[in-house]
Each structure stands twice: as structure tokens, then as C-alpha cells.
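Common to both upcoming complexes is chain A, partnered first by chain B, then by chain C.
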Partner chain A sequence: MNFTFAAHLRTGLREGFSSPLAAALSLLTGGLIVAIAWVSIRWLLLEAVWPWQEADACRETTGLCWPFLTEKVRLILFGTYPFDLQARPAAVSVMLCLLAVLTCRQMVGKPPRLNAGQLAAIWVLVIGLSFVLMGGGVFGLQAVDPVRWNGLPILLILSIVAVALAFPLGVLLTLARVQTSHPILALLASSYVEITRGVPMLTVLFVGIFVLPLTLPAGVSISPVMATLVALVFFHASYFAEDIRGGLLSLPAGQGEAANSLGMTYWQATRLVVLPQAIRRSLPSLVNSLIGAYKDTSLVVVVGIHDLTATARMSFGDPEWRDNALEAYVLVGLWFFLSCAYLSGIGRQLHRNSAS
Partner chain B sequence: MKNLLSSVAALTAAFFATPALSGPVLDDIIAKDKLICLVNPNSPGFSVPDSQGVFQGFNTDFCRMAAAAILGDATKADIRGIGFSDSMKTIVADGAHMASRSITATGTRDADPGLAFVATTFFDGQGFMVPKTLGVSSATELNGATVCAEDGSTTLLNIADWFGDRDIQYRVENIADKTARLEAFFSGKCDVYASDVTALLSDRLLSDTPETYTILPEVISAEPLTLVTQPDQALEAAVFWAFQVMLNADILGVTSKNVTAIVEDLESQPKAVQRLFAEDSAAAEMAGKLGLPKDWAFQVISQVGAYSEVFERHLGKETPFGIDLSETANALVGDGGQMYAYPIR
Partner chain C sequence: MIPPSPPPPAEKRLHLSDIAAVGGLALVLALAVFNVLANMEAAGVSPGFGFLVREAGFDVSSSLIPYAPSDSYARVILVGLANTVFLAAVCLVLATVIGVVFGLVSVGPSPIGRALALAYVEVFRNLPKLLVLLILFVLAVNGLPHVREAISVGPFHLSNRSVNFPVVVSNQRMWFAVAAAVVGLGIGFLWRARHKLADRRSGAAETAAINLLPIALPLLAILVFQVPVTVSVPELKGFDFQGGGRLSLQFVVIAATLGIYHGAQIAEVVRGGLLAIPKGQTEAAKALGLTPWQSIRLIVLPQVIRIVIPPMNNQYVNLVKNTSIAIAVGYSDLMSVSGTIINQSFKPLEMMLITMGLYLALCLGLTTTFNRFHRRLTRRETR
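Moving on, here comes the complex of A and B:
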């Protein structure tokens, strides 16, 4: 172990200082890393005000203010959801995180192994339960208006539910686009995909919030959360469709033809032979789109949905705590970093699996 | 649908020609036992959620005032944070009963049949902020100054009118993004920062050294920030007069702290105080006609407070905003402001 470390160090030094330019660059990056590390350590440890200290101490230093975080953590996580009922959004957040982790483990082939039907059933159950727990109004749960679904749960609901609904839609769009027996359907599917991918997500969100309600029959109203969800589903579906199309096109034509020659119908061949292989091949790029979709969900702030970033802003909107924007943003940044790092890890694992 | 509904409503009203005070919206509030009130989701000092996710602030207290007057309990205000244009739509679409979110009452807005502008709770207007080092005490001394203002806003039009009328030369630094605009001002790129006075007060706090900036006395536009309700004569009357109770309390020296003692010893109080709180008072007579709790005036003062109490609590000298109420247009008329208390009798 010591030997390998020393060997690594030797190789590193040799490569880092092989020429004057390389040496200069190494020193520069090294200096930058030390400077950043020093600033972070000072902020995180040396000048920090610890949770057991008085909040007033935060005004004296420029370090991390723990009392702010302990005071505001529930506001940042759940926003204006009624304080006494916050066990419900907490349960929803945990459930949705577990659902995401479970699904990711299935993709990379880790236990618990479930078949597609079981997984689909769990998804339907968890998503249904999430809406029941958030909204209440049934089973004796106090009703909570969607305006108050803030913070982490709304971020998870919008990203996970949107992805869950966009994925099958994306599959259908791809199938419609690559088949040749109905040219008009193929044309419609490809124009849909190209147009949706050609406009910014903000445009789609605004269409969802302002135009969608106008297209509904009179008397039917749709909450902003639902309108946003619909917009996100239609937006993400076109990206997923393109990812899966890549997998489909890379599949040798012989696969589908062999299935047909065995007497399978189009749907049987697609469901049992073509799609499973195509989706497996497109998993790495699907995970890419997934991470993008997840991070983009924060854009819903502009249509008045208070997700994690908006509740973080509320936390230092309180005049008493107006100096603590950095803490709030670091907390939110940490959440996004950890969750995206996990998803990227899954993506790398998929790459390794498909390579071997 | 909305138009159809309102024309049906208008026809029905014309056909039956009921006496004026029928209040379907007020009845709805009482039936639901909660008053849905919209506020800005994040406006420091005016409405911002506290650590428990409950909205607090100057505007929020007028939601609580309405709930105290109508339902007898300020906590029955269901206060929701929502964007500006959405809040107007929500009220028109019957998704909320009222809004207290710094909406400027203007002619065209009031002409909209779905909205009723009821009572002005804050007189705002466009003003100027300068660094104290500039040594300027009046906007008329700003000849040759560089002004930072929002591109494409009415702010610039107001400045053009006001400076033009006085032949003052100035240069404009158009910066659309607010953070960048403030940064330009704090770093000295422009001499003057122009915006609504309340915005100036909270923007000033974003500086590292707020005490080195001052807001000039001139206010060059009228921004009466007003409570908006669904059109309903009974609800409008309830909200308007609840606000008048808060102003009258200021004149009479009644506060949330002394109101209980005053009511217990009503006989020895001035007639004007008795008219607010006595069993057979003018306020109680109004309550009967509007369908409010008999002691609504007492509930408003004891649970929310007099107007100056609300102001001091959220924006006053003891708060980070440090506004001196007596120096603003929100002081009572008798103290040189514009707040005029209507008589309750």
C-alpha cells in the first residue's frame, strides 16, 4: 500500500514537473487548491459558529453560521407547508429518494432484484401515495393546498414524476419515429421531438402555466403544480426519445427481423427483443438526460413554484438572518451535488457494465 | 366562463334588486371559517416565511386583520405566497378572497370587474438613494449625476418627467439585472439609485455598509399600495373599516397591549373609544349589519394592533429597516402624513 502510494507520487511528480511549462502549471494549480482549501477550512471550521453557540455570535465572524441552519432547516426543506404536518412531506421525500435509489440499483443490476412488473407497481404506489400525503383531504388527513408544497418534496415530485411519465412517452415517440409503415405518424413524431428540443425549457414552462389552462374546457381548472408537471413531461419526453432512438439505431437490423421470422408480431418483437436491448444500449445517455432534467427542475421557480432554491431564498429573506445567504446556498448546492454525484456514479457503473 | 358568470350574476342582481349589503364572498369566508389571503412569497419586512414556514410581515398583518375582524381569530387567515400576476388571476378566478401584497391601485386595474381596491395601507413612491459622501440633501441638487435605474421601467419615465420639468441634467445607467444594478451603485459606478422608497430601504440592507447611504426626501411618483379583495360590498366594507379601526386606535392611543384594560374600564374612556368597543357601540351596530362578530374592533386591535404598532413591528426604527414612521407619508394626517382615519359612528 505504501509502496503504491510512493509509486503514484513519483509518477505524479515526474509528469507534473517534466517541463518548465508543466512545472509552472503544476505550481499554479497546487497554489489554487491550497488557497481554496484554506478559505474553505477557515469558513467551515476555524471561523464557524457552532450549533450550540448563540446566534448573535454569527454577527461577529464571517464563518459558517450553524445556528442559522438549525433555525431554518425545516423552512428550507419544506417551505410554507404547515409546520405541524411536516412529517408528511418528510415521508414523501424519503419515499421518493428510496424509489429513485431502488430504480437506479435495478439499472445496474444490484439487489433487490425485481421484475419490471413489480418495479412498475412500486412506482405507481409510491407516486400515488406521495400525492395523497402531500395533498391530504382523504383518510382523515388535513387538506393542504398545492401552493404550500414547497422545498425538497416538490423538487422530487416534479423531477421524479415527470421523468416517470416522460419515459414511456419518449419510448412511444421513438417507436413512432423509427417505424416505416405509417409515414405521417413518423413525420408527426419527429417534428414533435425536434420542435420541443428546439425551444428552451423556460418557453415550455410558460406555455404550461399560461397557455395550457386556456386549452382546458370551461370550468376545469389546473393547479400550477400540475400544469408545470405536464409541461415537464412533454419536454423531457423528447429528450428521452432521442436517447432511446440512438440505442434503437445502433441495434443490428437482424434482431428485429429474426424476431419477425420467428412469427412474433410487431409489438411482441418490440417489447421482447428490440426495446430491452435498445434501452440497455441507451442507458448511459438516458442517465445524462436524467441528471439534466433533475437539475433543470429548479427553473420552475420562474413560474411561481417554490422549490428548494426558492425556499433557500426565503430563509435569508427574514430580515434577522439576511447575512446568511451563503449558508443557505451551500446547503442547497450540497444537496444537488450529492444527488447528482450519485446519479453520475450510476451512469459510470452502466458504462462499465456495457463495456464488459 | 368568468364573463358568463359575471353577466349572469349581474342579471340576477338586477332582476331581484336586493338591498345593497349581500356578501357572497364574505359568506364564503364565514362558511369555510378561513380567509385565503395572497402575499408576496419573499418580500423582506412585508411578507416572508419565518422559521416555521408561517408568513410574517407588514402586509401579512392586514391578512390577519381581516381574519380577526371577520372570523374573530387572526390565525384563521390562510396566507399564501404567490407571484404578482398570478395573485390577480387567482382573485378573479375565486381562488382567494383577498391580497395584501403591495399592489399599487391604478385606474385601469380598478376598472377590472374582478378586483376591488379597498384600503391603502402604505403610501409608497419613487425616490432616490445616494451615498452620504455625495453631500446631497435634496434631489434638486442632482444636476449632472449618473442615475442607476431599471431599464424599460416606469422608473425611468418618472425620472425623465421630474428632472425634465426642473431642467436638471442627468445621465442614466441602464442595467436590467437588479443585482448587477445594485453592485454598480455600491461600487460607485453611479451616483444615484432610483426605485420605490420601500425597495430602496430593503435594497440598502444588501450593502456591506448600509449606514453610509441615505434616501433623499423627494418622492416623485404616487404608489398607493392597497388591499385588494374580490368584489363584494360586505367584504370590502369589513376590510375597509377594520383598517379604519386600526387608524382610529392610533389617534385614541389604543394598542394591543392596553386594549384589554381599556375595554374593562370602558365607562371612564372618551366617547370615541366607547364607540369602538362598547356593547351598543357604532362598531357593534356595523357588525350586526355586516355579519361580523360583535367585538370585531376589539379582536382587530388585541390580535393585530394599531396601525403604527404594525408598522413599527416590521419596518420601524427597531427593525433592520429602521424607517421613521413620522417621516413618511404613512403617518397620520395630524402628524403630517397622509393616513386619514374615517370616523366610526
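Moving on, here comes the complex of A and C:
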């Protein structure tokens, strides 16, 4: 182990200083790495105030303030959700994470192997249970207003539920778009997809928050969380549609024709032959869009939904902790980095699977 | 062998399902419009775009065109649009430079450089842009000095409020120099159009001279017409800098965020493009006796550009759309201006139509330009 490391180091150094250009580049980037590492180590370790120290010590240093994190971690995770009931959002967060991991494992063909029906049933069950646990009001659970659904659970609900609903809508949009014998349907679907992809997500969120309530009849109201969810579904659907269309177009036309010649109806051929293959082919780009959708869910803070980014802002809102913004944001960043890195890993694996 | 039969001609008649789908959609839309009208009437607001000429009454954080709160809503939308376009242009250049540099480093000769480029791409691919923006904003506000202790490099000053720099003050005679530059560019353009089909090897000296014209002519004009060149230098007076040019901290932070965030993605695009060129190409160039620089300029670069244009187009469109996150730190771009107008005037439907239309136009314009460019390049390839 030591030997191979030394050998790697030797070959690396030899390569890195093989020419004047390489040497200059190595020195420059090496210096940059050392500088970044030094600043990080100083902030993380050398000047940090440890959890067992007094919080007052944070005012003397510029390093990481652990007492702030230990005091505010529940506020960052669950926001203003009633403090005594926070086991519920915690359970929802764990459930939704497990659901995401389970689905990812299915995509790359790892156990437990489930069929599509079982997976769909689990999705419906978990999402239903999430709303029941968050909202309460049934089975003796105390009711909690959606305004107080904050932090991690709302981020997961908005991203996972939006993706779950946007995916079938994306499939339908794709199918409508590739119809050659229904030109009007195809035109409607393609203009919808192109227009949605040509505007920022924030404009769609604004439409959900400000315009959607206006289109409802008088007396009917929609909570901001639901309005945001609807906006996210309609926005993500067109990105998914574009990915699935890529897979569909790469599928040889013979597949659908063969299914037709076997006497299958359009829906049979689509459901059993065309779509499964098209979706499998588009999985790598779908995972990319998925990561984008998940990261962009953090934009809901602009329309007043308190996801992780907003609860982080709450945590350093009171004057006592004004200087600890970086700690809160780094914690949120760490969560996003780890979860996205997991999804990226799944994407890479899919890429390898489709290449082999 | 029997040739495959041609596909059956697509039917062009209208299906019942088409009519049903369109009818259903029209019904839903009609219902929505009816509800909107009813709700607006209940709130005492009449629909229409008449509000655009009314007085806006709110100020913006920065503006490229003259603006006062007493101006109309239409004008403040224009201010927002100009800010968005300016921000997008700056970010575009920044992201491209960062992306190309890191893309080159990631396939370069230094393993340390490759590791750094890889880590950079990986970190920013896994972080939401909003979080990057907020972290950079916090770091800038807390980390940079107050205006009075601004970091100064010559006439450039950086504080936690703004970046101040000297600018050339425009005057009436300046137009001579501008006109000279336009003439210089025009001559270059015409010359190139005439010599497009001519042998490229001849006239290298002329090309160099023509390329210098847009710089030489204005300088000549400044000397001949005695254009006064006055430079306004920022100076600390009271609580802030007076004179010179000023970019707000918000602008600088958003530009840096989008530059770094999209730089990482562009680096990946550039890396992909460079790796897609088979090794045989450079080896063949070497065998033909081309120098390394010639091989890059004549063999590698033309192929890389053709590969990266479609994904770059995608990146640029995303970048233009992502400028809208500027609203989170209060830079007066199109999105933030339209948010303020919605809150003030209760015209969400009209304002969102305008805002989405403008963003759509920006993105479509960019895509069209890129597609034309790509077509031109690929046409040259097939010739």
C-alpha cells in the first residue's frame, strides 16, 4: 500500500514536471490547492470553537462555531414546525430519503428487486403517509398548518413529489409530441415544452404563486406549498419530456412496427414495447435533469416557502448569531453535496450500464 | 434482396381525439380566464396593459439607463431588462473564460492541475446555484472591508458595498472616435467578404493591418479632431465614493456566482470536446510536419468548436435563465422588477406574460444565433 502510493507519487511528480508548461501549471494549481486547504483547515479546525466550549467563545474567533450548530441544528432541519412534534417531519425525511435510495437502486438493478407495480405502490404509500404525518388532523395526530412545514421535509416533499408527478406528465407530453397523425396535438405539446424550457424556473414559480390562485373560482383557495408543487410539476415535466423524447427517437422504428405487426394496439405497443426501452435509453439524461430539479427546488425560497436554505437564514436571523451565516449555509451545502453526489454516482453507473 | 417498403404516408385528417383534446384544453383555459376576470373584478382591478404607463413609484438598486421613481412601469421594466442583458453578457464572458481555462487544465499535462479541475467541476455540479450565491454574498458582505477602508489598487476600489473604477467621461466630440471605429470595423468586414474565396496564405500583412484599423482609426480621430479625453476617477467623499464607474456588490457577487457555477459546466463541455478528438488527428498532424501550435489551430480547434457548440448553446441559454436568481440578493433585474410590480399593482397575469415573453425572446434569440453559426460551420465542413 505504502509502496504503491509512493510509486504513484513518483510517476505523478515526473509527469507533472515533465515540461516547463507542466511544471508551471503544477506549481500554480498546487499553490491554489494549498491555499484553499489552509483556509479550510484554519476555519474548520484551528480556529474552531468546539461543541464542549462556551458559545461566547465564538465572538473571539472567526472559525467554525460548533455551539451555534448544536443549538440551531433542529431549527435548520425542521424550521418552525412545532418543537414537540418534530419526530413527525424527521420520520417523513427518513422515509422520503429511503424511497429515493430504493428507487435509485431499482434503476441500476440492485436488490431488492421489485416490479413496477410494487414500486408504484410503495411510492403512493410513502407520499400519502408523508402528507398525513406532516399535516396531521387524522388518527389523533395534531394538525399542523402547511405554512409551518419547513426545512428538510418540505425540500424533500417538493422535489420528490414534484418529480413523481412530473414524470408521467412528461411521458404523456412526449407521446403527444411524436404523433405524426395528430398534428395539432403534437404542435400543442411541442410548443408547451419549448416555451417552458425557454423561461426561468422562477417565472413559473411566480405564475404558480400569483396567477394560479386567480384562476380558481371564488371561495376555493390553494396553499402556497400546493401552488408551488403544481408549478414545479408543470415545469419539470417539459424537461423530462425532452429527455424521454431523446430516448424515443434513438429507438429503431422497427420496434414499434414489429409490435404493430404482432397485432398489438397502439397503447399495448407503447406500454409494453416502446416506452420501457425509450425510458431505459433516456435514464442517464433523466438522472441529470433529476439532479437539476432537486437542486433548483431550493429556489422556492424566493416565493416564500421555507426550505433548507430559508431555515438556514432563520437560524442566523437573531442578532446574537448574526455572524454565523457561513456555518448554517455550509451545513446545507454539505447536505446538497452528499445527496447530489449519490445521485451523480447513480447517473454514472447508468451511463456505464448503457455503454456496455 | 427486397428493398424495405417505404413507410406509409402519414394521415393528415383530423381525428376525433384531436378535436376532443383541443376542445378540452380550450374549455379549461376559458374557465381559468373566466375565473381570473371574476376574481379581478371582485378585487376591484380591471385587466389590461394600461397600467404600464402609470407611475412606478419605486426605486431600483442600479440602472443602466436614466430612471427615476416617477417614471412609468414600462420604463422600469426596460431598466430591468437592460440589467438582465448586461448581467447575462458579463456572466457569459466570465463563465466561458473560466470554463475554457479549467477545461484545458483538466486534460493538461499536470496531474495536480487535473485533480483541481476535477474537484472544481464536481463541487459545483453538486451545489444549488442559489446556495452558492448566498454563501458568496455572506462572504463578501462580512469579509470585505467597509467603504472607508476599501481595498484599493490604484484607482480601483473594492469594498463591501461596491466596486469603483475610473471611466472615460463621454462628450460631444467622442462621436468622432466612435464613428471612426465603426468605419474601421466596416472596412475590415467588407475586405474579408471580398477576399473570402481568395487564397488565404497571401496577404497576411494586409490582414494584420486591416485587423488593426478599428483601433488605429479612432486613435487617429482623437488626434485629428482633438477629442478631449477626460477620465473620471472615483474618490472617497463622505460616506461613499464619488465619480467614476460603480458596480454594486450584488452585481459582482451574482456575476461571480454564475461565472463559477456555469464555468464548471462549461469546463466539462470543453473537456468532453477535447477528449472526443481521436489521438490519430494530432499524430497525423505531427507526421505531416505541423508544429504543435499549427496542429492545435488548424486540426484540433476547428473540430472541437464544432462538437462543443450545441452543448455550449444549451449552457448559455441556461445562464441567461439563471440570471433571474439575482432577485435573491436584490439586484434589480427583470425578475425582481416584475416581482415588485406584481406586489404593487396586482397585475400578476399581465406582468408574468410580459416577463416570460421577454425571457423567451432572449433565449430564442440566443439559440437562433447559435444555430445559424453552427449551420455555417457544418456547411463548411461538408463542402
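Everything that follows uses one rule, which is that the second predicted complex is superposed on the first by the 347 of 356 C-alpha atoms of A that agree within 3 Å, B and C clash if a C-alpha of one lies under 4 Å from a C-alpha of the other, contacts with A are read in each partner's own complex, and residues count from 1 in each chain.
In this section, contacts are C-beta pairs under 8 Å (C-beta built on N, C-alpha and C of every residue); 3 or more make two chains touch, one makes a residue touch a chain.
On a predicted model such as this, the values are computed, not experimentally measured, just so you know.
Asks: Superposed on chain A, are chain B and chain C clashing or fitting side by side?
Replies: These partners clash in the superposed model.
Asks: According to the stated criteria, A:57 is in contact with first (chain B), second (chain C), both, or neither; which is it?
Replies: So A:57 meets neither chain B nor chain C here.
Asks: Please determine whether it is chain B or chain C that touches the greater number of chain A residues.
Replies: C
Asks: Given the touch rule stated above, what does A:340 touch, chain B (first), chain C (second), both, or neither?
Replies: In the superposition, A:340 contacts chain C only.
Asks: Going by the contact rule set out at the top, does A:299 touch chain B (first), chain C (second), both, or neither?
Replies: second
Asks: So in the superposed three-chain picture, is A:97 touching just chain B, just chain C, both, or none of them (first/second/both/neither)?
Replies: Neither chain B nor chain C is touched by A:97.
Asks: Tell me which partner A:218 touches in the superposition: chain B (first), chain C (second), both or neither.
Replies: both
Asks: Classify the contacts of A:195 with the two partner chains as first (chain B alone), second (chain C alone), both, or neither.
Replies: Only chain C; A:195 stays clear of chain B.
Asks: Figure out whether A:147 sits in contact with chain B (first) or chain C (second), or with both, or with neither.
Replies: In the superposition, A:147 contacts chain B only.
Asks: Is there a shared patch on chain A that both chain B and chain C touch, and which residues make it up?
Replies: On chain A, the overlap between the chain B and chain C contacts is residues 218, 313.
Asks: Taking the complex as given, what residues does chain A use to touch chain C?
Replies: Spelled out, the residues of chain A in touch with chain C are 12, 15-16, 18-19, 21-23, 25-26, 28-30, 32-33, 180-185, 188, 195, 198-203, 206-207, 210-211, 214-218, 253, 291, 295-296, 298-299, 301-302, 309, 313, 323, 325-326, 329-330, 332-333, 336-337, 340-341, 344.
Asks: If you look only at chain C, which of its residues touch chain A in the complex?
Replies: 7, 10-12, 14-15, 17-18, 21-22, 25, 31-33, 35-36, 38-40, 42, 105, 108-113, 115-116, 122-123, 125-131, 134-135, 138-139, 142, 317, 321-325, 327-328, 335, 338-339, 342, 348-349, 352, 355-356, 359-360, 363-364
Asks: Give the list of chain A residues in touch with chain B in this complex.
Replies: That would be residues 71-72, 74-75, 78-83, 86, 145, 147-148, 150, 218-219, 221, 224, 304, 306, 310, 313-314, 317-320, 322 of chain A.
Asks: Can you name the residues of chain B that touch chain A in the complex?
Replies: Going through chain B, the ones touching chain A are 1, 41-45, 48-56, 78, 80-83, 86, 93, 205-206, 319-321.
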